[in-house]
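Each of the next two complexes has chain A plus one more chain, namely chain B in the first and chain C in the second.
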Partner chain A sequence: MTTLQAPGQTPLRPAEAGELEKATEKRNRRAYLALLIPGLLGLLVSFVFPLAYMVRMSFNRGAPDGVIEETFTFDTYIQPLTDPYYWKVTLDTFQMGVTVGVLCVLVSYPVALFLARSQSKYRSLLLAIAIAPLLTSAVVRTYGWMVILGTNGLVNSSLTGLGIIDTPLKLTNNMTGVTIGLVEIFMPYAILAMISGFGRLSPQLEEAAGSLGASKFNVFTRVTLPLSLPGILTAFLLVFVLSISTFITPRLLGGGSVQVLATEIYDQTTGLLNWPFAAALSVILLVLFGLIIAVYQRLTRKIGG
Partner chain B sequence: MRATIKGKMAAMAALSAAVLALSACGGGNEAASSGSSTSGEVNLIAYSGVWQDQYTAAVIEPFKAKYPDIKINFSSKRSSAEMLSALQGQKSNPATDVAIMDNSVSTTGNKQGLFEKVDEAAVPNLANVPEKFRDKGGFGPVAMVDAVGLLYDTAAFPKAPESWDVLWDPAYAGKINVNAPPSLLGLSLTAITAKMEGEDYTKGTDKAVAKLKEMAPGVQTFAPNPDEYQNVITGQTVLGLGQNARGQFYSDQSNKKMGVTFPKEGTVYQINTVNLVKDAPHSAAAKTFINYALSPEAQSAFAKALFYAPSVTNADLPADVKDRVVPTDGSLNIIPLDVDFLSSARDKWTDTWKREIITK
Partner chain C sequence: MSQTKLSIVDLTKRYAAGLEPAVDRLNMQVEEGHLVALLGPSGCGKTTTLRMVAGLMDPTAGSITVDGKEITHTPVNKRGMGMVFQSYALFPHMNVEQNVAFGLQMRQTPKAEQKKRVAAALDMVQLGHLGKRQTRELSGGQQQRIALARALVVEPTLLLLDEPLSNLDAKLRETMRTEIRSIQQRTRATTLFVTHDQDEALDMADRIAVMNGGLIEQFGSPTEVYERPRTHFVANFIGQANFLQATVVSEVGPAGAGESHYKVDIEGLGGFGAVGSAGLSGSHELVIRPHRLKVTVANAADRDAIKGTIERVSYTGDALSVAVKVGGKTFNTQLLTSSGDLPRPGDTAYLSWSPEDAYILPVNGKGPAS
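Here is the complex of A and B:
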């Protein structure tokens, strides 16, 4: 706590200063609240109202051809929750999130570690390069992957050209393509999340371990890795959340064969016009994965100490 | 002092909320308040992409030249379902005047009270639309006719395949693209397969589903991207399901790298209707536009541009265009896909495809 003193003024007595501080704090609190209002209003209009509308919509009944029957029914929830098909879709969504999360962390970790420890004067430039893909839209990058992974794409034509394979590998229009695309698309997020989570990582600690005789492997497993764990866990969570809610990449690289909750919601909304059912699926996605994330955060807090 | 600030803050909050609320509904109100029927504007909702480009060049531009005081605002959507969804959202306060959409979807719109009836008094060119292309209830007539075609790579097929059977040929496994339902192409293929299997699809589709299951492992994509035509043109696939009109257009664009044909077992019409929105803000101008859309010049111009067959009897086409648009004179084997039936079957067939036909 510092004593308030305008330049050129004599210092205030502690009691006066205390009162003044209290008054300032009160004023500040009001100012903070006032500053919050525009943001809160924005949040209310753009997030809370639409969410409430969606939840209300999920209790309506959808008749064929987009007719919405205003009612209050749980049918829209009972149907997906009792249908093995939707359980499978949910499980596939979860699996995709975990797979993409793990792979993304694995490939991003070395990059993030390098960037976090780098003393190079080009560090900022390298960091900019690592997150540069964010400057192009995920749609464009997904189309890029379609070109690379297609039957006549870069990968297949190189492999067939080199005589390694005879028939092209099926790399798109399935979960393989979606996974490859998502891992690359979410890498910049994972790198950024990791770098910001590597706060406790310090070269001095590694040097200390090394000077006390630990091998490089031991330094990594017993010092570097545990200290970078908070960053890894944050990055995984971020990529997991982005993956399970992503729609564009599974839609474009999945070729209609990859059915996850997001694509299912899209089909119900724009293809079959069953908004109540789509809204119910959205609520399920929100609640189910909200719970998973809450549990995950509790666990990571324990791990993080 | 505190109370005053609180009061001021509350007032400001209320004011901001009011401003936000007003701005949120401003768009709709504006459209309605400016909606006098003689304002010389038509808000058109129709397909996006190449359809929009060609329709604009072939129909809208000449219309604007003929009626310089009428402005056309084109709002494009990827599918008829999206158009229906937009119109449903505007039902209490329509901002759209005319919708050109698939007839299975416009029939739903008619039932839902989204469209107005049109008659020859308001749309004189309706007189040239034959009975089979008019709506029985007097709603929007057919504006253009097309049908599902089989797309093929001309390098792999120097001669167009004659039968839909080719989709089941193991030689082309992994090189086929089929748009699964709810796409009309997939729904149409279900009806075509039922016909091939001698099944009445209105009663059941067990045989068709079993047959489609045999085809599924050989299908490379059930949702081709960027679209069904480019997949064949770029050599990603050699066979695909597409619309004749766009297929013919892209065939020319690709220097005949892709061809499109109607196999002998028959095909399903893809029909677009032109519809007047109920309580349209610019009803009079909208009727002028619909009348022009049914004029022989607009009909033949669009046939030349994108190979849709005219829905009127008095549109003349050059022989080379006539050969490439879908015949509407009964010479082509057409499998009737009843729109009323389809509206009830769409959900079920989509579900069946997802659960039983599409494999991972």
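Here is the complex of A and C:
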């Protein structure tokens, strides 16, 4: 670094120059922080405050008539943590998240890989088509699936018409229907997340592996798959989080027989007006998120190694 | 003893029907142990040719033969070639050793031998101490060496280098040039080398294939393509050149190696001596390299010298480029600087050259390669 100095001034010794630099850095940092304030305020009002309010709410006591008693009690937590019903709901929620995440990743991966590698002039168009379902609301698509999967729906009437099955399969009002619906609904997110996570994947690496004698299968298992793992993990995490927090699809396609944390929270909030209990369940759901994100971070650090 | 390692016959690549072919009936024979540079401007088909030899691209027509076996449609992983990519294409999820060992693993070489050969390959590129490093921690030059080690460790039938030096800075490029050449000579790996840099090609290659528009314009040793260019394109692409339009007056006598001395009439300047391949007649282009022109400021005794005016002088330290205008024609000349006054624009200058340095291009315009 060259130090500019006025004539007649003694040049700065390196130590002094270093201190000066540090001071400038400090001032710069303060300026940057100032720029962050509007954003931080927004976050505080729209995110931190509601979340804090919710946590506080979870320690209140809810009366059956919807009256909220301001207090500080752990009752709201003791009930879900001791009642086997809520254990089952939590476990079902987790299981649904994992199943939907895995299936969604499996069906989205080929699409994402194709889109990421395509050199075609139609690539943008194909990408637009792949994410076009996002333009319709999940509610509409869920109703669509109810029609397709219903007892007299497309799937069952085709299968019975072809004589493959005698009695219609039960594809709605259960976890199967919810899973099918959620996988399709979250595919666009999974595809987008994967494509953005395929940064290190390049056709040249696959060519290099091929030129070194790797068969198509080995190119995939030794190069393509390991390099797309970050994208796969991100997509899984996203779909997992989205599916355990959604309540429309489980409610509609589950037809009341599928109980997950999200539907339970919805019922408690709007049906039973037990806000403290709903808040406690929300906190449990948050902890579940936190757990899976911790695992995700450990995994990404490992494969990013 | 020389043996043909790689033989390319009528190789053609057309990306789409109706488009000009990227490579058009290309023919080439590469001798065992040679380093051949595919040299040409971008879009000349050199990389396409390399990729077809590597098996990364399917030819539209023609054949590729290595060691007497036709491999035109053999899949890339069965060709046993080593390729170094322009971007090096090191696997980012593997460390240096794992990268180098990849080809051996694919060949199911025993573990102990793998270890020995990886170590030897890394030593060869002087990076034996970096085996456990992650590739992203390495500098461009080091990555380049790893890529080279990874390609060579499998003892490839052919080593293919796709512009391997273009991502390095000028100083490093020079070092790597020498190093790649010396490793290539030690391993005696028959090598195809794609480059757009004529200096690289002249310095490193045993043979240069000068490519243009999907064709090889000339295939020859560095001195051949520089001293005896077949076409205007070759003379113009490799080094600098003054082109003069001339008519052959008479063939004076043999000059050795199938060449003759000629008497030619240069347009607007009169009769001069020149050399060219035997049996030429009619109108041809004459090539004189700028530094083969003698420029004197004082009135020279040489009666053949032609008088002109200095138009432009550019000084680059050790060399001096002087443009001399004679009639309507500008000659570019190049001199080594010496102490004393520099010539100035507007000064009178006398140009002369020896007949051996005026070469008659055998092919007029863009001609087919032999």
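Convention: the second predicted complex is superposed on the first by the 270 of 305 C-alpha atoms of A that agree within 3 Å, B and C clash if a C-alpha of one lies under 4 Å from a C-alpha of the other, contacts with A are read in each partner's own complex, and residues count from 1 in each chain.
Convention: a contact is a pair of C-beta atoms (placed from the backbone, for glycine too) under 8 Å apart; a residue touches a chain by one contact, two chains touch by 3 or more.
If you're wondering where the values come from, they're calculated on a predicted model, not measured in any experiment.
A.B. asks: For A:Q119, using the defined touch cut-off, is the partner it touches chain B, chain C, both, or neither? Pick first, second, both or neither.
C.D. replies: A:Q119: touches no partner chain.
A.B. asks: Quick check on the superposed pair: does A:T82 touch chain B, chain C, both, or neither? Answer first, second, both or neither.
C.D. replies: Touch status of A:T82: no partner.
A.B. asks: Of the two partner chains, chain B (first) and chain C (second), which one does A:P64 touch, if any: first, second, both, or neither?
C.D. replies: first
A.B. asks: Count the residues of chain A touched by chain B and by chain C, then name the partner with the higher count.
C.D. replies: Residues of chain A touched, chain B against chain C: more for B.
A.B. asks: Pick one for A:A208: touches chain B only (first), chain C only (second), both, or neither.
C.D. replies: After superposition on chain A, A:A208 lies in contact with chain C alone.
A.B. asks: Would you tell me which residues of chain B are touching chain A in their complex?
C.D. replies: Checking each residue of chain B against chain A gives 5, 9, 12-13, 16-17, 20-21, 24, 78-79, 81-82, 84-85, 88, 105, 108, 111-112, 174-175, 179-180, 182-183, 220-226, 234-237, 343-344, 346-347, 350, 354-355, 358-360.
A.B. asks: Show me the residue ranges of chain A that touch chain B in the complex, using the header's touch definition.
C.D. replies: 30, 33-34, 37-38, 41, 45, 64-68, 85, 143, 146, 150-152, 170, 172-175, 251-252, 254-259, 267, 269-274
A.B. asks: Can you name the residues of chain C that touch chain A in the complex?
C.D. replies: Of all residues in chain C, those touching chain A are 54-56, 75-83, 85, 87, 89-93, 102-103, 106-107, 150-151, 154, 160.
A.B. asks: Within their complex, state which residues of chain A touch chain C.
C.D. replies: 200, 202, 204-205, 207-216, 218-219, 222-223, 226-227, 303
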